[in-house]
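Take this structure, written in structure tokens, and hold onto it; I'll ask about it next.
We call the chains A, B, C, D, E and F, going by the order they appear; numbering starts again at 1 in every chain.
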Amino acid sequence: MTDARADGRSPEQLRPVTIERGWSAQAEGSALISFGNTKVLCTASFTNGVPRWLTGKGKGWVTAEYAMLPRSTNERMDRESVKGRVGGRTHEISRLVGRSLRAIIDTKALGENTIVIDCDVLQADGGTRTAAITGAYVALADAVAWGREKGFIGKNAKALIDTVSAVSVGIIDGEPMLDLAYTEDVRAETDMNVVVTGRGLFVEVQGTAEGAPFDRRELDALLELALAGNAELARIQTEALAG
Amino acid sequence: MTDARADGRSPEQLRPVTIERGWSAQAEGSALISFGNTKVLCTASFTNGVPRWLTGKGKGWVTAEYAMLPRSTNERMDRESVKGRVGGRTHEISRLVGRSLRAIIDTKALGENTIVIDCDVLQADGGTRTAAITGAYVALADAVAWGREKGFIGKNAKALIDTVSAVSVGIIDGEPMLDLAYTEDVRAETDMNVVVTGRGLFVEVQGTAEGAPFDRRELDALLELALAGNAELARIQTEALAG
Amino acid sequence: MTDARADGRSPEQLRPVTIERGWSAQAEGSALISFGNTKVLCTASFTNGVPRWLTGKGKGWVTAEYAMLPRSTNERMDRESVKGRVGGRTHEISRLVGRSLRAIIDTKALGENTIVIDCDVLQADGGTRTAAITGAYVALADAVAWGREKGFIGKNAKALIDTVSAVSVGIIDGEPMLDLAYTEDVRAETDMNVVVTGRGLFVEVQGTAEGAPFDRRELDALLELALAGNAELARIQTEALAG
Amino acid sequence: MTDARADGRSPEQLRPVTIERGWSAQAEGSALISFGNTKVLCTASFTNGVPRWLTGKGKGWVTAEYAMLPRSTNERMDRESVKGRVGGRTHEISRLVGRSLRAIIDTKALGENTIVIDCDVLQADGGTRTAAITGAYVALADAVAWGREKGFIGKNAKALIDTVSAVSVGIIDGEPMLDLAYTEDVRAETDMNVVVTGRGLFVEVQGTAEGAPFDRRELDALLELALAGNAELARIQTEALAG
Amino acid sequence: MTDARADGRSPEQLRPVTIERGWSAQAEGSALISFGNTKVLCTASFTNGVPRWLTGKGKGWVTAEYAMLPRSTNERMDRESVKGRVGGRTHEISRLVGRSLRAIIDTKALGENTIVIDCDVLQADGGTRTAAITGAYVALADAVAWGREKGFIGKNAKALIDTVSAVSVGIIDGEPMLDLAYTEDVRAETDMNVVVTGRGLFVEVQGTAEGAPFDRRELDALLELALAGNAELARIQTEALAG
Amino acid sequence: MTDARADGRSPEQLRPVTIERGWSAQAEGSALISFGNTKVLCTASFTNGVPRWLTGKGKGWVTAEYAMLPRSTNERMDRESVKGRVGGRTHEISRLVGRSLRAIIDTKALGENTIVIDCDVLQADGGTRTAAITGAYVALADAVAWGREKGFIGKNAKALIDTVSAVSVGIIDGEPMLDLAYTEDVRAETDMNVVVTGRGLFVEVQGTAEGAPFDRRELDALLELALAGNAELARIQTEALAG
């Protein structure tokens, strides 16, 4: 049995999660979400109409972009705008956030509207992609509500068919743990990000052996932890949206 | 005589200015500054050492980068990282912020250290560059203090030789006004950004006739307003740093 | 129970897999691998020495780049060199291939040597990333042998600690299937790529709900199929390397 | 009182200014302008029609691009085309030239026509941006005349509402001076570029403390010098256009 | 008189040339061509319709892109997609291949159709551009046949007005030689690529003095060799297309 | 027999060629060359030292860059710096100019010095690349003289082993013609650029069938014209350098 974690959490415990809904005065939906010291500003931009390649199909579009501020991390990183290219990791996470949100959107019910979610990491301490997905859902839900209020989405159209959240899990010194902070993430032998709907179904499972490959039993343990963590996140989202 | 401004201010009145010093847990200096609804996160990254072209000259280096989050504005803008190039306006403001800070730095006293200031606009409602400069000074001052504490800067080295702040002024319907909000900026015939030190000396004066060219008398009135506004900002900076 | 697949395979059957080892006259290791109509040319380039950031640590480096020829697909795609940027999907797969290979490399045993694996898709019919990983292992193994023969790697240094291969699995019309061809991939509700070592341990598990989210039971069925498929691929790799 | 300047000028004296109007056989308007050794080729390209975002508004568009030949300077600079990006300074000056010209254009009178001004510095010895603006006006005036002659601009439409020119001023060893040559520019404590119309109104005032910040009295002295210098430039422009 | 060449060929002898027509299962025309160890995969992509700038003129368009796999050469080269720009040599050869093919196409007979030829060098041992042109012709011919069969090209329209091939010649140790392999190319004083139609007319002659400039008599000798080599290549192309 | 050419020249006549040697006050060598209305500014930048890859080999380096001003042509072209990439044609010509100059340089005699030639087309009317090469030689010769005077090149080192010039030839309406102007170039069935040394040896021969392919007899006629034209250009260069 290992000792408590650096911040005193038990292995199956989330960091403190807070959601400041409506942080932005301008976006149609927004949330400043914290998973411990990780802080991500999620904004949803609603536009009536769809990209040209979707026009006339009676369907909407949801997409996402993820980025980190240069000094969100411990050492300053160069800006991707200055480097002139978006890095592989950024691309990868943007695509993940977009897919996760589209999994719980009924694009027909959304109608020919576009919602772009921006997830900008203001401070990073591990789990930025999972915080981004979890906060993005709140911003998305508010943007959908805004679109319905403005009459762009039908009154009874159920554009959101479920909720969605994400959490990381990993194996450290042989023990499965929930919601890794940065220093834990660095030490983890295996690292997995799991995106789950409010009903408890998997949207994405991305597990990587950073150190030693993992066996089937370890995989099962991680999946259990992730399902429980996401259930808790779904509760917090619901609370924030009820506020 | 014109009516009061949209937000009820008098022509020579700043918007409410707040400075959350030390907002970032990771940067060596930081400030989240608001000029009304304009919010800019300023972080200062301190590195011992200088770029290669300065090595061995016994001098430090201060530079700045400015950027806007895609949905900091009323309509979402494309990310410059995605476009693959930094736009002209972004470049221009980054250079302005850098020059303004270097004007009050004694690079010899700073020693062979580099401070990079990042000014990221989280929400934009006019005056983002002036808020950036004003907040950047606070982050810079804390980074200098950090460097002194760590022994990278000499104990008695006076690296900061003055304070610096900036404010916009403009002429709307013929009347000079201080600290324009976005809707005012759009209507202004003339728009000027004025960077001033705590001692009341000019660092930058950038006036542009957006509509009709302006005469010498109007220019004088704008300069007076700007000096007064900057004096008030210098007081707020000092208060924040004393806190 | 569903009907047979378009190409007559049973759900748990791989497509015909062939490996032309040593296809390239110039690379230190190479393999032209086919999974049915998917053909990937994998070459390994061995360099004595490591990138600057690794120098002097007594460790080697393995990395990979994946790309598709413009007309490897049914409709011609624009070249990424002409577009001036590497796309998100390309980045993502390059990173996946690299991580998969590093999982079975002992970088200390490799010594200060670098191996770059290029996986170029000559023809694409689904499963290009899994074929790439499977072929890359063969090229890598030959490059390691080359390095040992030339004296760059110690005679008894066990640089390769296991074998590695990958296969896709998915759920189509509710039924789990192994090694999806392109037309199957398009129809799959869930798509998963699973990278496994010769000992049957997981290196990567990447499952995505393209249509409906999936439950725990479905996930288990897919993992079983993938383990069996990878065991078969490991056998084919061993045969090719023995040839 | 300081000594004469390196080239023997008095502090309030321009360098010799020459304008070769119609230098280019192909452009609709052109001028090769010299401020001493600074030589800028300005060409105006007239197109009937406007960019898409302006179509149907009954207004024209004037824009400018500034660039330097790689060996216009004392040491060869890399080409921006080869570097793959336009630098901040280039962007900034292009925008300044464009704004300066638009200040004296009545876009309604211009009608739905576009004029692009290119200012290419063939030889640089300080004041390239001010020479560019001053020469650009001449090229612009000829392009407008060309458009009127061809019937694209109405016969009585007064598209040009004033003339415009620019000059630099600066403080060297405490003394305000007009039209700085490169070696003077380098020594200046304060450097200001002032764009003025033929009627003596300000279009742009851009003052920067390169060394010590400047006070109100110094600013006033610089503005006086600049107004006088621009009056002289307006006279030279008029002469060139009368030729 | 010099000795035989490294591979035993006489000066006027081609390397073994093979053409695997229809190598790609997906392209409308394709050929894997070898000139000795040089291997180039040529694919032709047929699209009904033309680029916007050609629309409505009743003419078709043929263009080509050339590229090398990173490890087609003896030492691995960086990918141009990763560098973010297509190099000068690549551009130059792409343009050469395109021009060579257009010389034997009657664009009116082709009708409003576009054929893009991709020539990807899988293995390089000198003469990649000449192999590319020679193989591209075969892919092009099959794509034209495909277009005719599908009814996009008129039944009696003679879109191909001749055949085309290319070969390199050079002077080594004073002796003119045909079809240089890489090690010969490096030693050649003069290097020439000659593109010739089946009727023996010149399409391109590109001769470069790598070492000493060459005189008229040498030029004549090279042209003779090239004409003979191309006649042989035309025979091989015809055979491949008859197969 | 055809009529005289548009400008009254006979088929074997050059346009008026003028060379303003030493046009630039800053470059170590320079020439503003005109071939009729084609005007190219050639500057040579001399640097003591060589690029890293050449260091310590006792050899120098000569390279060239060619570019066109945006309004050097009849219709304005976009700047390559703004497009963010150098086009294929620009690359191709830059490489051609560099190779042509290196053919007459003895890099050992040049010593470890670098000369960069910039050829910027100020006005284009056909033959810009041939004018560039011809003018570049003059700038190069002066830069070599400068380097010798400064002591960077040995007193008796014969760095220039010959002169070099270039001219275009083409077939119009079946008749071979020398030095094509733009309107002739457009009509030419065959277009050839021929670079020749002062001794009458070929450095580059680049012939392209723009319309119908050409036969051996036509090729011979073009080569004769080009040799004669280059002999005349060599005379003009010598005169300019004697001036």
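Note that a residue touches a chain if its C-beta (ideal position, glycine included) is under 8 Å from a C-beta of that chain, and two chains touch if they have at least 3 such contacts.
Molecules present, by chain and UniProt name: A, B, C, D, E, F = Ribonuclease PH.
Just so you know, these numbers come straight off a predicted model, no measurement behind them.
Peer 1: Could you tell me which chains are in contact with chain A and with chain C alike?
Peer 2: Where chain A and chain C might share a partner, there is none at all.
Peer 1: Between chain D and chain E, which partner chains are common?
Peer 2: Intersection of chain D and chain E contact lists gives F.
Peer 1: From chain C, how many touching-chain steps at minimum until you land on chain D?
Peer 2: 3
Peer 1: Quick one: report the Å distance separating chain A from chain B, using the average Cα coordinate of each chain.
Peer 2: Each chain reduced to its C-alpha mean, chain A and chain B end up 33 Å apart.
Peer 1: If you average the CA atoms of chain B and of chain D, how many Å lie between those two points?
Peer 2: It comes to 28 Å between the two C-alpha centres.
Peer 1: If you average the Cα atoms of chain B and of chain C to get two centres, how far apart are those centres in Å?
Peer 2: 51
Peer 1: Which residues belonging to chain E are in contact with no fewer than two other chains?
Peer 2: Answer for chain E, listing residues that touch two or more other chains: 84-86.
Peer 1: If contacts are counted as defined earlier, which sequence of chains do you get going round the ring from chain B via chain D?
Peer 2: B, D, F, E, C, A
Peer 1: Where on chain E does chain C make contact in their complex?
Peer 2: 24-27, 30, 37, 41, 43, 45, 47, 65, 67, 69-76, 79-86, 90, 116, 118, 120, 122-123
Peer 1: Which positions of chain C touch chain A when the two form their complex?
Peer 2: 85-89, 91-92, 94-95, 99, 103, 162, 192, 196-197, 199-209, 212-216, 219, 223, 227
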